[in-house]
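After this come two complexes, each holding chain A, first together with chain B and then together with chain C.
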Partner chain A sequence: MKTKTAPEIFLEKEKCLAAYEWFKKAEAGKSPSWLASYRDEAIARFRDQSFPTVHDEAWKYTSLEPFAKLAFRPVYRNDSGRINSHAVKNLLGKAPGPRLVFINGLYAPLFSSTAGLEGNIKMVHLGASWNSEGRLAERSWFPQENVRLEIFADLNSAFLNDGMMLQLPENFLVKTPLECVYLTLPENQKLVSYPRNLIVAEPGSSAVVVERYLGLGGNPYFTNAVTDYVIREGASVEAYRLQKETRQACHISSTRVSVGRQSRFVFFNMDFGGRLVRNHLSVVFSEEGGECDLNGLYLAGEGQHIDNHTVIDHLKPKGTSRQLYKGILGSRSRAVFSGKIFVRQDAQKTDAAQKNKNLLLSSDARVDTRPQLEILADDVKCAHGAAVGQLNEDEIFYLRSRGLGVKEAKKVLTYGFAHEIVDKVGLGAVKEELEHWLEDRLESVAHKEEK
Partner chain B sequence: MPRNPAAAENHFQPADDFLSPIAPYGCETKDMSDPERFVNQEYKYGFVTNVDADALPRGLNEDIVRMISAKKKEPAFMLDWRLKAYRRWVTMKEPRWQQVQYPPIDYQDMIYYSAPKPRKKLNSLDEVDKEVLETFAKLGIPLEEQKRLAGVAVDAVFDSVSVATTFKETLQKAGVIFCSFSEAVQNHPDLVKKYLGSVVPYADNFFATLNSAVFSDGSFCYVPKGVRCPMELSTYFRINAADTGQFERTLIVAEEGSYVSYLEGCTAPIRDKNQLHAAVVELVALGNAQIKYSTVQNWYAGDKNGKGGIYNFVTKRGKCEGPNSKISWTQVETGSSITWKYPSVILKGDSSVGEFYSVALTNHHQQADTGTKMTHIGKNTRSTIISKGISARQGSNTYRGLVKILPKAENAKNYTQCDSLLLGNRSEANTFPYIEVENNTARVEHEASTSKISEDQLFYCRQRGLSAENAISMIINGFCKEVFKNLPMEFAVEATKLLNVSLEGSVG
Partner chain C sequence: MLEIRDLHVKVEGKEILTGIDLKVNAGETHAIMGPNGSGKSTLARVLAGHPSYEVTKGEVLYNGKNLLELAPEMRAREGVFLAFQYPTDIPGVSNVYFLKSALNAIRAHKGLEEMDALEFLDFIKEKIKTVEMDESFINRPVNEGFSGGEKKKNEILQMAVLEPRLSILDETDSGLDIDALRIVAAGVSQLKSPERSVILVTHYQRLLHYIVPDFVHVLMGGRIVKSGGKDLALQLEAQGYDWVKEGAHRK
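Let's turn to the complex of A and B:
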């Protein structure tokens, strides 16, 4: 690997397959055999699919075209000397608790710290633990991997190299939030990274987990992330996904959650950055009971395209799911929401609700929303709703009559729209950060509208 | 058996083909046990003299299209249009995205044209199937009307011909043209040429294209400028098309400032031997015009095990061409084994209005994938969608809708509500709305809910002395009320009863 650089990949099947051959050779002997075969299976699934186009129903509103012609190179060795540690430290800020940092997809010990890790929590980076923790990873590696084919998740599995593995011990309540950060620094080339997280909450455990995706620099890059949550019986996880990539980035992610018996999953997905963003979220109620509360907030401006694709699958009875995704769209931006709720025949007494609301601030913004229900059980309560609108003239008038300028009034109302989500954020540090972000971004969105 | 199309046109001798012992279009290769074949055989020998004029051989090719056109003595523009459609259809693939399942259709095993056959006249209601009579009674259909529906000869007073004649005179006075499509092609070719395909183009979709190539007949209605049609129009009064055709085509044009209300179908169960129905309905509303189109569909739904039944694959679309125009679709769909249609409105004129009210009920193995498409193009356009789905037993009900706001549609508004009611733990209810907004002044709202009748509601009704069955039927009618109130009065009364009949025995 030292002598030869990894081949580039495009969003092109042949190029990806060739890159895999190279990767496989380079990795030969380094990773345990189960991992090698895991990667092989993934690339086999990948081979049977093709990159989606707008002719695929699931990608109807999202085109990969802007990134199709770009060549991305993976990084297998970070040259720590070339990383501007001052800039990185500035960007990362102070860690509220244990934190693993990955730069260009690889673990960066310099910026990571697991000091203050409570009890027997296992919080390690995958690259170091293939052998020691391999059994855990192998055992809990996602059961429903084969159920829903998602080409980018398979690509991630094929090039699986590093990421965070977190195991919460049985009946252990973690107090400090556990964080992982993926930072991409595409200095003089276009980079691709495959972040991978595995979070296993053993029965009765509870924790707050934060995932962060950041970028720096002016080059395009491609993040293809996968996070798997296994929430076992009676466990409770509050998860945050904060995506703040640069405006040159293509960010595609898959978050897969298995909700166990009487367990609880609370999720916040915040999209503020990225040029082309596509998030897949799949929550499976594989046992009776269980509860999930999914929240999303996306703020897009200037040429951004943000697509949230969610699937909630109620396989077993008495599950409860709540979903609220809200979007604010500034000029030349586009947002897509596609949410599906399945209630299978066994899943009696399911209570599912889903809502998507969009605020259009600009005349050239566009939103496409598709909330969908597929219900095969009769004793259920399901509802979904979607709304698209703009700021209310009367409300603006009211604020103006109280002495606020037009710009200020719009900002206040937009902030209020977003606040429904921000209010639900339980983690103080994240809440504060969100408020700052919003303030910043709304300023610029409103500013653009003035012109 | 490919032939030279030109020769076919010039030497049109279907009788030779049809009676020839050599298999034309593969019909002789069919299994002898095919009942359809025996029906034809009987026909073949029983009415040799008029067979050559009344039916075409099985299968579809360019010659058949030419023959249909020739039989109907259509002007050249119609033939051209049909051929264009046919040539396009050959290149098209049958869609598979819908949430319904059915075995593949063999398009070469159908007869694409047979002139309406006179039904066997019965002498009295005693000869009518008892089951049918019972249904009539439950629906509260008047005795004389029962006779008409069942094909019993009616006495002079109630003779539908004379009734229809009076109506025709009234319409003529008002200047409304209301006739069969074939008559319209002969008598008003300019109007047909101008509006045919203006809303549903010949290449629109697989089934609409097939319809464009082979449609046999249908209704045509033209309401002149400023005229308010003096009565509710219905195919009921159009004598020569009392039978539902397999490939029907309806075209309604409302000139500026006019109004027309059109009723399609009826609540009585209709049995039909054609399994595939691929009709096309086109509505054109010019400035300030209003079209109200109501459908009650209760075609044969197949038996309890899902065998048989009609596939109702219909393309319905209206275009609000001028400002302040309005098109309103109301449908009550209780029949057919598969209902698959999306009555849509293109809101092109400024301030035009589109409405869609629907009740779709599926029982046993029935499947319905229905909804609407509202395309907002003009400024201040408004649309309302109210859809109620009821799934009983193994019934499957899908709402699929599209609300599209184009960039120029300033201040467009849409309100959508779709509710599903599940009766039976093997039933299915799906909701697939698509909302595409490209203008920030738009206000679009979508709400949907799915539930079953709650125990509390039932308990309340029962403690007031209603039987479980009556309580459920009352709750269901309440559930559908928003749609029923948009139906013409006599239809609404029948529709209410129809729901009860259709759901009979499915609760408890």
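Let's turn to the complex of A and C:
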């Protein structure tokens, strides 16, 4: 990189465009030409849009205001000595299997390992693979861009620099979970990173994929992540997205899934961290058959705002989609759920069910939930619903009558509410981890309510 | 063990209990009978500390302590147990987790060490045999999807695990078939000891064939209008409640 450091980025269009010019110059000659034009096209789309405000329908309940004036700096070189601290080591632990770690958006070989990678699985970091694997990225990415114009995804594409590329070979059933971790360490400055993942499950393949988003340190930072899943015919992917950023973080993500013929996508989106979180999920049934099972759990405590926008698009017949998102909201927290299901004219025999349930633990918590169906086909089975409730007094009394204190009773019931999702988690290690997270967070959320 | 003096209770502004006097000594079994709407369940729930009832007059002493001042969980930790007429479902919380938390809360109160997961599992597997429930119920969410009879047996299982000093059974017999009734009765009988007392709230005499009470009380219009020995229950079964009512009016 040039001697000058990269310019700071605000949530201001002009600043972003200026930063892009700098980035483009710095990258000149280093990237293959397709990537350069890919970035150029992304910034062109970006230029035609504006950062959303609460006056935009899709952002009505989520304001970027708290982060709008903050200057974030991208990192183009990590100081490996500094990141090798005990705190980082403790946080990352030992790799349970093949794992790629990115710190401040850059590949961190020290913490990564692809030992034990089965068969011919391709699991590489993009930064080193543009020349060898560029074709796969090129082939897999471009169709996805049509899914939805999303300004943050375009920004991610424009500044695309590193991330994980995963290709599961045809008819190969991967046993070990494959993991990527994005850790941000905003020690002395406010940082921005653009995590990017591409997972291609070739026909008949199967795997479990885990994405983690973590942070350490007291400064605000901005994670703008994009993950694309291409699930080809007959393939099956179980994907976990575990978001546990610091409470100073702004986390915005786009997950775009293409569900192929008779393929299966199971998704768990777990939001425990972040101050301002906005997740976009788009699942497109572009071929006949196929199924998805989307599960979400968000737990917002004091000052947290967690927004999930999901779109399930049935373009072709005989697709099955299931969605259950559950939220727990503590004192002075806010959540948004907007779930849209499209059943297009051609998508006969679609079977879609969507549910969003929210538990408010405090009278000053707020949730806005909007499940929406748009059906153009006539022979379909669709159901959707939303619920917002509080803990049930009879249930609390029942537990108290057996000796549990009020706080413990509330904790147990809240845990029970979350368990509908946790119980579905197939990966033992993740399930155990989630139980710990819940235990930990419910303790503090319940504690707040005692006062 | 328990002494209720002139207890008046309101719910939603309406007076349901209009002056209850009752004394239960350690080791005794009392049956409280009465027609529907007489206030039997209200009495049971007030003793357990249900928050929707307002005590307007009177007092309840439990082992010398003012029971009404204790939070529901403190009553439970001090050994009061209510078997609910309509046990509540607790979705997502397994029986084993629930019971372990409850038992450990009570043990902590008594200054005893917590029971760990493995120890507790052995313990509950023994207990569940006594109510003739399948072991699979241990891991099922509390009462969720249980049949009426299974819920009642689950209440008795909880009672067996928590070993209360004062057990109050609120119409535990209603809706049970003969087998379930026998199991419930056996569960209660097993717990009987000179230190433990039982209050059976029931509409019918049926349960009293299996658990023979020392005293039978008739509750009507929010008051105990007649008390007697176990024969009173037989008389009630043969003649209904009307004669008591007439007798009470004449008094």
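Basically, the second predicted complex is superposed on the first by the 447 of 451 C-alpha atoms of A that agree within 3 Å, B and C clash if a C-alpha of one lies under 4 Å from a C-alpha of the other, contacts with A are read in each partner's own complex, and residues count from 1 in each chain.
Quick note on the criterion: a residue touches a chain if its C-beta (ideal position, glycine included) is under 8 Å from a C-beta of that chain, and two chains touch if they have at least 3 such contacts.
None of these values were measured; they are calculated from a predicted model.
Chemist: Of the two partner chains, chain B (first) and chain C (second), which one does A:Gly93 touch, if any: first, second, both, or neither?
Modeler: neither
Chemist: Just checking: does A:Ala418 make contact with chain B only, chain C only, both, or neither of them? Give me first, second, both or neither.
Modeler: second
Chemist: Does chain A have more residues touched by chain B or by chain C?
Modeler: The partner making contact with more of chain A's residues is B.
Chemist: Look at A:Arg402 in the shared chain and tell me whether it touches chain B only, chain C only, both, or neither; answer first, second, both or neither.
Modeler: The second partner, chain C, only.
Chemist: Touching A:Pro66 in the superposition: chain B (first), chain C (second), both, neither?
Modeler: A:Pro66 sits against neither chain B nor chain C.
Chemist: In the superposed arrangement, which partner chain does A:Gly428 touch: chain B (first), chain C (second), both, or neither?
Modeler: Neither partner.
Chemist: In the superposed arrangement, which partner chain does A:Glu393 touch: chain B (first), chain C (second), both, or neither?
Modeler: Second partner only.
Chemist: Report for A:Gln372: first if it touches chain B alone, second if chain C alone, otherwise both or neither.
Modeler: So A:Gln372 only meets chain B here.
Chemist: Within the complex, which stretch of chain B touches chain A?
Modeler: Interface residues on chain B, with respect to chain A: 97, 405, 407, 420, 422-452.
Chemist: Could you please specify the touching residues of chain C with respect to chain A in the complex?
Modeler: 48-52, 71-73, 75-77, 81-82, 84, 87-93, 97-99, 101-103, 105-106, 109, 141, 158, 162
Chemist: Hey, which residues of chain A end up touching chain C in the complex?
Modeler: Checking each residue of chain A against chain C gives 392-395, 397-406, 408-409, 412-413, 415-420, 423.
Chemist: Show which residues of chain A lie in contact with chain B when the two form their complex.
Modeler: The touching residues are 57, 61, 329, 345, 348, 358, 360-390.
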